[in-house]
Amino acid sequence: MVNDKNSQKIVDFIQNWARKHSIWVLAYGTGCGAIEIPPTMTSRYDAERLGVRGAATPRQADVLLITGYLTVKTLKRVIRVYEQMQDPKYVIGFGSCTINGGMYYDSYNTIKVLDKYLPVDVYINGCMPRPEAVLSGFARLQKRIAEGRANGAQQYKDNLEWYRANQKKIIPNWIMPEYNW
Amino acid sequence: MEMIHIIFLIFLGGAVLTYFSGKISKVLQDIFFLASVLVPAYLFFAYVGAGREATLSLGGITLIWGVNHFSWLFSLIVLGLGSMAAIYAIGYMKGKKRKGYFYFNFILSIMAMMGILLSIDLISFFIFWEIMTWSSYLVTIYNGHDIQRIGIKYFVFSAIGAYAMLMAIVIVHHLTGSFLMSSMINFYPNMSLSMQIWIPVMFLLAFGVKAAMMPLHVWAPDAYSNAPMAYTSIFSGALSKMGIYGMVIVLVTMINQIPQGFWFREVIAWLGGITAAIGTLWAIKQDDAKKLLAYSSVAQLGYIITGIAIGTELGMLAGLFLAVMHALFKGTLFMVTGAIEKQTGTTNFNEVTGLIRKMPWTFIAALLSIIALAGIPPLGGFVGKWMLYESLITSNHYLLVIVIFFSSTAAFLYCYKFLFGFFLGQEEKEWAHVKEAPAVMVVPMLIMAVMMFVLGTFPGIILKPINSGLMDLGFVDSFKHLWESSVILNVWGNHVVLQPILYWIIGIFVFFMIFLTWKGFKTTRYVSTKDISSSGEVPADDENLTFSVGFMQPFMRAVAPAMRRQIDKYYNGIADGLESLFEFIRRIYTGNGQTYTIYVIVFVVIVLLFKNILF
Amino acid sequence: MDNTLFGYLNYAVYGTAVLVILIGLYGTMVKKSLLKVVIGLSVSDSGLNLLIVAIGYYKGGTAPIFSPGFLENFKSVSKMVDPVPQALVLTAIVIGFGVTAVALALVIRLYRHHGTLNIDEIKNLKW
Amino acid sequence: MVGTPVLFIAIPLLAAFLIPLLGMIWKELVRIVPGLVLTYLLILAVNLLVHVLAHGPVVEVIAGWVPPIGINLVFSVFSGFLVTLMIFLGLLVWAYSYRFKRNVDYEPALKYFLMLMMLITGSVGIVLTGDIFNMFVFIEITSISGYGLTAFYKGRDSAEASFKYVLLGSVASTFLLLAIMIIYSQLGTLNMADIANKIHLMNPTLKIVSYIFFVTALGIEAEIFPLNGWAPDAYAEAPGPVGAAFAGIVVKASVYAIIRYTFTIFDLSGAFNFLIIIGMITLIVAETAAIRQEKLKRMLAYSSIGQMGLVLVAFGFGTEEGVFAALFLMLNHAIIKSLLFFSGSYLVYNSKCKYIKEVNGMSKFLPVTSLLFALGAFAIVGLPPFAGFWSKLSVMTAAADSNMILIMVLVLMVSVVELVYYLRVVNRIYFFKKETAIEPKKPTFNALVVMIVLGVIILAIGFYPDVVTGVLHKASASLMDKSQYIHHVLSLRQ
Amino acid sequence: MEKVLLDILGAIVTFLVAFVVGMTYGGLNRKITARVQNRKGPPWYQNFIDAYKLSSKKSAIHHGVMHHLGPAFLMVTSVMTLLIVPVLSHNNWFPNLNFQGDLIFLLYIMTFGPLGMALGAGQTGNPNSAIGVTRGLSMMVGFEIPWVLALVALMIQYHTTSITGLMAVQAHSGTWLMFSSPFAFIAAVMALFGMFRYSPFDIVGAPTELASGPIAETGGKYLFVMMSSGSVFTFAKLTLYVDLFLGGADNLFILIIKTFALYLIPLLYSLVSPRYRTEQAIRWFWGWPSFFGLLAILQAIIF
């Protein structure tokens, strides 16, 4: 039954629907963008109506929200958190800094393109992005999940060596456990 | 020569032989040791039944030994637990010093306990009581750690108790002209009121000390934690039950005969309840497993005392059942602690963590005993607790129920602390080398764990002997009206409700086990305890992330006012005051010969002045 | 006893003896010098001996000595003072002598050891 | 072969004076002869005791004068038992101190054994004699040899201890003589049986005064508080075996004298309570003082004093059970305290100050001695199954039968104190680290044998008290039977 | 045999009902909270979606066997509690293992799960989990006191230790126990605050403080099992309260109304309360709730 292709499709559809409507966010408040999370979650914009909800630990979270610039120092932690999350998992790059460095484009101490280090599913641009933009980003993620295209985790697994190489370039004292998913 | 004589001779000879054979060969010593515990145990259960008697005449006093069902029940605890602890001790004592010393006192303790149980006359009761005291004292100071405080404290309390008992015994002898227990009991209703009150009080002082009853319990935590764990398991499991044994006899056969007995039982029941509460609170505070278990023993003995002090059939059954269970699970827990001590060298929760994958069998034994201790069904502790509550409610001890329930709930805190402290938490690199304890230590623990399970599911196995024991003490057969009115244990040994519940539990458990491990569902994988979500930080190998210092601090803060007053401090104050007084008395001897001469003259003058009063 | 002066004197013997004993004891108890303590002992011993002899004596008694023909005269026997106390005193004197000798020997040793005869300073053994 | 009581006085006295002469022949004889003499006496004593047990007391008249005029010796079961015990202990002390410390040299050994024989002579004489002045003489003999033995060591504070002993001993003799003279002036006799017969004729006040003087004088020897200032010092400074001899022989004799005066001679009704009171005070003060001691032998000394107090208490019950208990206590105390002194001496053998802390960790070096000390400690505090338990039990039984509840409570409380200090020492021996640089000294063979013999006796009595209880019962009966004593002595015809 | 099968079938039905109702309550909780905070809030079935999503996670990790079994322990407890509590008064489809003394049995079986769960949490090695567990156990000691006081008061007053007995008492007299034993009811309800661990007693899993405490390392289907067991347990607890104090229920509709009304009490209280510290929470339970419990016992003894 499970092997049957059609039924697999149906199961996938239902699962994706559920995943789409239940997004548990681990907001990694690395940069100034974290300030936009509270308005997004509270009364004014109320992201919870989309099924978005904060998660306390990476073990429970579905989405890793990188809010703003990532310094070299925090990158290691972010990678660690991402690797601890359970499959399926998604990454949202939040703010321009995650796309190209934003106003820190020439900083010696921040990483410019997040996608080189973690498989970003959705970028939300803006500096800062307003809560509406954030909600729109979540909606985009939901859409991608429903379509089954939010497969950043698979991508990460497939291209682990490339990602690792990039990560190790930034992080000189690499003492992390192997990613064993 | 009766079998009882032979048993005592084997104990005695075995003890001496064991001691001296250590000079020849360690293996021989172990064999002698095991033989001198196991052979008498076998002989006792095989050949000595209720009604057998033996006598020995010493110094114009006839010592009489015999068995009834009640003492047989306690013999079961002593010899059963003793045998297990003896097997365990072989492993535990391997490579330790003073082995012969330990074995010698171990055997003597078991002999003394058997002697107490078999004694029909008070003198042999007292003799064995004292032998038990000093042999256990000698083991208590085995480690040589802080013995001037711990050991002496234990012995002083024991001695005060024992001397009170001695007084009672000689007064009884004065009143009845006989040292027989039965004559004491028969004469008891004819005594004057003050004697009716004081004689039980004096006996209860002795038994209360051994049973670690509230104001007399201060020796217990130190002594229990200081003795080698192989011995503590019988110290706490069996030796303290001697106090319970005596208490039951005094309460049932003497105090029940007088109208004032009600107040006696009330007071003792409340003391038991308070003991349970205080013991529990202090157990939660301890950072050392030995201390924790020691205080826990105090608390558990409190339940037992409460149960037997209530005096109803159900209360008695509850107390005695709990006594048996306590022997099992506390014996096992002390053995577990001993195994951990043996393997890691420490019993401090702040040091040892994460042994579950290294010592799985020990963990299983510990888990089962903890479940039994906490009184969680389906293990045996629950049945006892249930009966205790039932008896307390039916005998209108409402506030006592609350106290007992409080301590029993708070017991979860230390239960968890014990399991977490040793077995759970981070698996530190420091303890990566730890191996499972040798089989000779693990097997007794597991046997006892299985026993707990069996007794929890089929409590009738042990309730039946308890009932016949109580009948020997003069209770009516509680079989009929107790077991028909309560549904939980409907038929002897084959009760109808707990077992289905057990099946349900197992069924549901298995279902969810399958659910969680079902391959087709999704994979679950093991990751090490270093791989935890700690804010993205990667803990280094030597980084200790375990949370164990100040483990129950919030709770301790909540109950801090209750723990500010320690009874220990009052005793210390008394002891200090006495020592200063003695120091003052010592200074009477000034060292000056003339002063002594003056003393002589003063003595003469004073005596001459008071000669009319004196002569 | 009669009320004559001699009669009172009879008491006076006892009184003197007791006084001597008390003086001796006083010396023993109060004097700091070891030698004086020993002398005190000796003095009280003497007083005691005096007392004993006095107890055995009565007025007009003769010495308890047997002489030829003595036993025939019953009256002379009854007039004899009691011989036993005198015998006892002899023994007591000997013993007292012995004790004094031992005491003095010890005093010498104490003096060598401590360099003083003050009893207050010889208190190594106390408490 | 049934000897006569006079031999027990004559032979050791003779031996004492022969020792120097024999020493001129062969120096080793100084050591050997006392042992032979004491062995002989022991055989004699046991024989006589057996005879007496069967046939009643043996009364012997000295110098042909019939009592009440002459001096007589009484070997009743009571006194016979004590004599046997003393001689036995004397033998053990001899065996133990065969080559103990200074005794290795000829000169000190000569003095030592001479004085030891004198000590035994005096003590045995006290017990056997039937004449109060004769008793005085024996007491002085005992005391003077005691002074000598106390001052046996040179260079220590033994002279000081001895001087205190002399001081108090002289005061004691003063009071004793006074008491004797009061009785003599009233009754005109010195024979105990005769006095006992006539005691009701005495002026009551003088009777009491003389009794008080007696008790004071004998109490100094018997270590009653507050008359016992000399005792701790003397015990502490005398050689170890001498301590045992004091505890086992001298004190026993003095207590015997007190008991003889109280039970047989005087008929004071309050005397028993008086004994209980002074015994109790002694017991409490001594035991509580012992707990704070810093020196081992002083501690043992105080313990010994306390035990004697308990003995007096037990006698003070005035019942046959009480006497039995007291005798049992005396027996146990003699044996156990000797063992403690013997083994304790080796535990602190080479130490100058004999501090308790110097026994730390001695069990590693002196296993047997330590074990025996522990055995003794356990026995003396009355733990079953050792000897001390039975005596404690009998004391308690006697107290209960006399309705002395308060006494029981006090005695038991004091027992707890006793327990504490003995256990502290045993703990030190076994579980403490040896810290001082003092070299432990292995016990010599003879000392070891003596200690083991004592240990075996303790165990034997503990496991089978019947070996002694029969004799003790008879002895207590013989003490209680006052009229028979008087009859036996006064019915003698030449 | 047939009876056993029927029992099992009935148990499954009971379980499903409890699951659905409990999950719905959870969703309503979120909805109500949102409305009170002037938000739209998630739909009422949001919890079902979350649960399904958790169960369909592709991977899950565990830190060892106790961690692996922890959720199962918890579930066993929930189901056992559910099975022992009589769900409906006269209905064969909701069987229970009722017997005399079951209140005490219930009290103890209810602690089985938390202990197992605590063991699981302990094995993760996450300090936050252990802290959460200690807080939870401490608070349990806190709220068990008024809860037991209330129960003992009921036991004394009605001379039974059985739930069915108490239900029979209510059916017989026609009044609910919350009216005839008001103090016991008050104490019990105050204890209920602690059992639900809603604010101000949400110290165990405080998300920002302890990273959700005992379940910090639990994700995927483990979390799913825990969540469902929590829902079942919620329903079981509420049903127990209804049985004890609100006279039980004859059909599901009444049961749901009564349980929801009861559920609103801790829920609404939580909306207006910040979080206590652990010792404050414990002392709170040992304050007024215990006082009311004692009053209840007094009432039971006097009347």
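Every chain is named by a letter (A, B, C, D and E) in the order it is written, and numbering of its residues begins at 1.
Definition applied: a contact is a pair of C-beta atoms (placed from the backbone, for glycine too) under 8 Å apart; a residue touches a chain by one contact, two chains touch by 3 or more.
As the structure is a computational prediction, the values presented were derived from the model and not from experiment.
**Q** Spelling it out: a chain qualifies if it touches chain D and also touches chain E; which chains qualify?
**A** B
**Q** Work out which chains are contact partners of both chain A and chain D.
**A** B
**Q** State which chain is most central when centres are taken as means of Cα atoms.
**A** B
**Q** If you tally contacting C-beta pairs, which comes out ahead, A-B or C-D? Let me know.
**A** So, comparing the two chain pairs, more contacts are at C-D.
**Q** Compare the CA centroid of chain D with every other chain's and tell me the farthest one.
**A** A
**Q** Which chain has its C-alpha centre farthest away from the C-alpha centre of chain C?
**A** A
**Q** Between chain B and chain C, what is the separation of their C-alpha centroids in Å?
**A** Averaging C-alpha atoms per chain gives centres 70 Å apart.
**Q** Measuring from the mean C-alpha position of chain B to the mean C-alpha position of chain E, what distance in angstrom results?
**A** Averaging C-alpha atoms per chain gives centres 36 Å apart.
**Q** How many angstrom lie between the centres of chain C and chain E, each centre taken as the mean Cα position?
**A** A distance of 101 Å separates the two centres.
**Q** Between chain B and chain D, tell me the centre distance in angstrom, where each centre is the average of that chain's C-alpha atoms.
**A** 44
**Q** List, in ascending order, every residue of chain C touching at least 2 other chains.
**A** Counting only residues that touch two or more other chains, chain C contributes 25, 28, 37, 122, 124-125, 127.
**Q** Indicate the residues of chain D shared as contacts by at least two other chains.
**A** 163-164, 167, 171, 232-233, 292-293
**Q** By the touch rule stated above, which residues of chain E touch at least two different other chains?
**A** Answer for chain E, listing residues that touch two or more other chains: 56-61, 211, 216-217, 220.
**Q** So which chains actually touch one another? I want all the pairs, not just one.
**A** Contacting pairs: A-B, A-E, B-C, B-D, B-E, C-D.
**Q** For the complex, which residues does chain D have touching chain B?
**A** It is residues 163-164, 167-168, 171-172, 175, 205, 208-209, 211-213, 215-216, 220, 226-227, 229-230, 232-233, 268-271, 273-274, 277, 285, 288-289, 291-293, 378, 383-385, 389-390, 392-393, 396-397, 399-401, 403, 405, 408-409, 412-413, 415-417, 419-420, 423-424, 427, 430-432, 464-466, 469 of chain D that touch chain B.
**Q** Along chain C, where are the residues that touch chain D in the complex?
**A** Checking each residue of chain C against chain D gives 21, 25, 28, 34, 37, 41, 44-45, 48, 51-52, 55, 82, 84-85, 88, 91-92, 95-96, 98-99, 102-103, 106-107, 109-110, 113-114, 122, 124-125, 127.
**Q** Flag every residue of chain E that touches chain B in the complex, lowest number first.
**A** 11, 56-66, 68-69, 71-73, 75-76, 79-80, 83, 97, 99-101, 104-105, 107-109, 111-112, 115, 118-119, 122-127, 130-131, 133-135, 137-138, 140-142, 144-145, 148-149, 152, 155-156, 161, 211, 216-217, 220-222, 225, 277-279, 282-283, 286, 297, 300-301
**Q** Okay, in this complex, where on chain C does chain B touch?
**A** Contacts found on chain C: 25, 28-30, 37, 119-120, 122-127.
**Q** Which stretch or stretches of chain A touch chain E in the complex?
**A** Residues in contact with chain E: 14-15, 18-19, 21-22, 24, 42-43, 46, 48-49, 51, 53-57, 59-60, 62, 86-88, 181.
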